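Per-chain numbering from 1; labels A, B, C, D, E, F, G, H, I, J, K and L assigned in written order.
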Amino acid sequence: MPDSVYKIIELVGTSDKSWEDAAKNAVETASGTLHDLRIGEILKLDMTIEGGKVKSYRARVNVSFRLDA
Amino acid sequence: MPDSVYKIIELVGTSDKSWEDAAKNAVETASGTLHDLRIGEILKLDMTIEGGKVKSYRARVNVSFRLDA
Amino acid sequence: MPDSVYKIIELVGTSDKSWEDAAKNAVETASGTLHDLRIGEILKLDMTIEGGKVKSYRARVNVSFRLDA
Amino acid sequence: MPDSVYKIIELVGTSDKSWEDAAKNAVETASGTLHDLRIGEILKLDMTIEGGKVKSYRARVNVSFRLDA
Amino acid sequence: MPDSVYKIIELVGTSDKSWEDAAKNAVETASGTLHDLRIGEILKLDMTIEGGKVKSYRARVNVSFRLDA
Amino acid sequence: MPDSVYKIIELVGTSDKSWEDAAKNAVETASGTLHDLRIGEILKLDMTIEGGKVKSYRARVNVSFRLDA
Amino acid sequence: MPDSVYKIIELVGTSDKSWEDAAKNAVETASGTLHDLRIGEILKLDMTIEGGKVKSYRARVNVSFRLDA
Amino acid sequence: MPDSVYKIIELVGTSDKSWEDAAKNAVETASGTLHDLRIGEILKLDMTIEGGKVKSYRARVNVSFRLDA
Amino acid sequence: MPDSVYKIIELVGTSDKSWEDAAKNAVETASGTLHDLRIGEILKLDMTIEGGKVKSYRARVNVSFRLDA
Amino acid sequence: MPDSVYKIIELVGTSDKSWEDAAKNAVETASGTLHDLRIGEILKLDMTIEGGKVKSYRARVNVSFRLDA
Amino acid sequence: MPDSVYKIIELVGTSDKSWEDAAKNAVETASGTLHDLRIGEILKLDMTIEGGKVKSYRARVNVSFRLDA
Amino acid sequence: MPDSVYKIIELVGTSDKSWEDAAKNAVETASGTLHDLRIGEILKLDMTIEGGKVKSYRARVNVSFRLDA
């Protein structure tokens, strides 16, 4: 059947190094249970702050995967 | 209990004919496992292109369904 | 007087065939009582679902018409 | 493990009293099966109307929870 | 004729009690002259302030009703 | 009754001089039939072009007025 | 001099009762040091959750006040 | 060199049949001079109206293509 | 061939007098090399400041023109 | 130290002449106490109306200035 | 008093290395005079360019801090 | 001539390292044929995923350059 259907879920990854790393954490955690991930779109970037210092970078990511693939 | 709770999920349907068909594919695939779907809201429309021609129409759709109905 | 004033109203058309048909219904219903319609802008597309099937396509449309033309 | 991953889901709660109550219904229904909820963000507020009266208040809410916590 | 057309108008209700009450005022004033209202969508919430105190809550609401019903 | 209700309508004014003039045209045309106008919010500014020259400035304006005042 | 200048600041109020109360807290705290507040616009509503229950309502508010011109 | 660069241009296609046809016209006109088109994203849909009837459907489309491919 | 295709480009005009003048500069510079311009939509207005004074007004404008159909 | 930090504040200027004048008032009032202003971005334009006439033009402006310059 | 009030300010940090570094500069400069910072939200990322090369990365950040904590 | 006109184009850069690198690729490719680039604004960040791993980072960038400089 040529007409495939994808589902999009929204994840937040965190990292104390960078937003790339935060987004990668979110995607690679999701890829443990979901297959055929293709694109991760960044929806929001922020930081947590503690004691006047940046403690972690967070990336909110939309990830799409094929249903019933 | 009169106060019901709905969940909204985001799907992408594809079709080589039209966006109506793409959205219908997404909704009717979802209705196989979810019940009491009411509304499908279009979030984004796009097309894939191959060899200079439109290959498929894609519709990103928000679908809501009742939890524990 | 060269400086004309337009009013914009917001309509929702429905159709069981397509969003083009839904938008056309909205525009052509409005044109019965309003004159000199020029542009119809799509604000939102959605679908109603019943029994797991798409029942109707709906198009929310901004229509502008000249006041006192 | 310092780099946690969260998932965000979108719920709609309803109440005949208030939007606070509608949002609380959504969150507390979700907390039955999900743990470690932290924040609920309001995405949209609306009302259903029947017989010229407001029948229910609805709140669309983004709720985040920790994966594999 | 199965393909109905709706019109959407934008109202602002005010109340010294709550945003629910402000939105209800807008909807129930409109229902005096319009019939078959279904949904009221909140577009904006604000407050007027006087003498350092909140004087009124205001809710901007989109209300849809059927044309020629 | 202290809790007043306002209606918001959307107008487009045009002028060959300026956007201020275009918006003023829209507001002052509306004030012929509506009373107690308070605020006009600019939603969009554009220009029509003819023969490579700007022909007119257009301002899309939200105007609110009191119902049954 | 008739042309006054206003400044807009962004506050977040919290309450365990309602969003109206949260917004009121923000405004009335600000009115202790700022004078001639007029309008408070809601930018965002959310909730904090603890132990599966809503713990507090939060309202992000834009408040404008006159600069001492 | 593995790190490719794409350019995105914005086109408007028109059709008297459908928005799919309008978008296809835009994409296939562009593909005459540009190569390696991949995705066409819909930015806006509208209609021109003449004599109370829909005259044409228009689709504003973002099309991306590879630079120096 | 009745189905024409338009391209939209984004320009920024500057002027030390007004935003109308800034937008006009952008449009009339573009009309030297492009033909059949119809509409210029304002996307953003800003100002450059120097020595505490406004030095220039800038208008970001979307201009559409017909591709050589 | 090469890595400078800027602060952005939001002002509303008013004028009975034009939005350029309103924005200029906001910027030039701010420049009395802040130094090294560079850019003023327009966030919103509106008008106050009295007795059916435009009474003043208002411009909401983001102004950035260097901290500790 | 359990109902705390936060203020949100908008900063722009710059760095010749990365957006993480730019955002960190903004936050850590602010933390010199403000206490109890919790979250920094990214509003915009851009770059300055000189001689055809990226000269600096800039991050616009919303930072919230407790009033009277 | 004091009133300059800029054009803004939209590019997508890719990198397997970081979004900074992706954006830099887009800008420095453009600077080969365009001169007097000043600012690159990030419009969107995403990632491509292959085999459950992030394969590349992509940055969509608005780049402005002076016409006829």
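The definition used in the following text is that contacts are C-beta pairs under 8 Å (C-beta built on N, C-alpha and C of every residue); 3 or more make two chains touch, one makes a residue touch a chain.
It should be emphasised that the depicted structure is a prediction, and the values quoted were computed from it without experimental measurement.
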Pair in G-J, C-E or K-L that repeats A-K, with over half of contact pairs matching by residue number: K-L
Taking each chain's C-alpha mean as its centre, the one farthest from subunit C: K
Centre-of-Cα separation between subunit C and subunit A, whole angstrom: 38
Centre-of-Cα separation between subunit D and subunit B, whole angstrom: 21
Per-residue overlap in subunit G, given as positions that touch at least 2 other chains: 9, 18-19, 45
Contacting chain pairs - touch in the sense defined above: A-B, A-D, A-K, A-L, B-C, B-D, B-H, C-E, C-F, C-H, D-E, D-G, E-F, E-G, F-I, F-J, G-J, G-K, H-I, H-L, I-J, I-L, J-K, K-L
Residues of subunit A defined as touching subunit B within the complex: 2-9, 62, 64, 67-68
Contacting residues of subunit A [partner subunit L, same complex]: 18-20, 23-24, 27-28, 31-32, 35, 37-42, 45, 61, 63
Contact footprint of subunit J on subunit K as seen in their complex: 9-16, 21-22, 25-26, 29-30, 56, 60
Touch list for subunit F against partner subunit I, complex: 18-19, 44-49, 52-54, 57
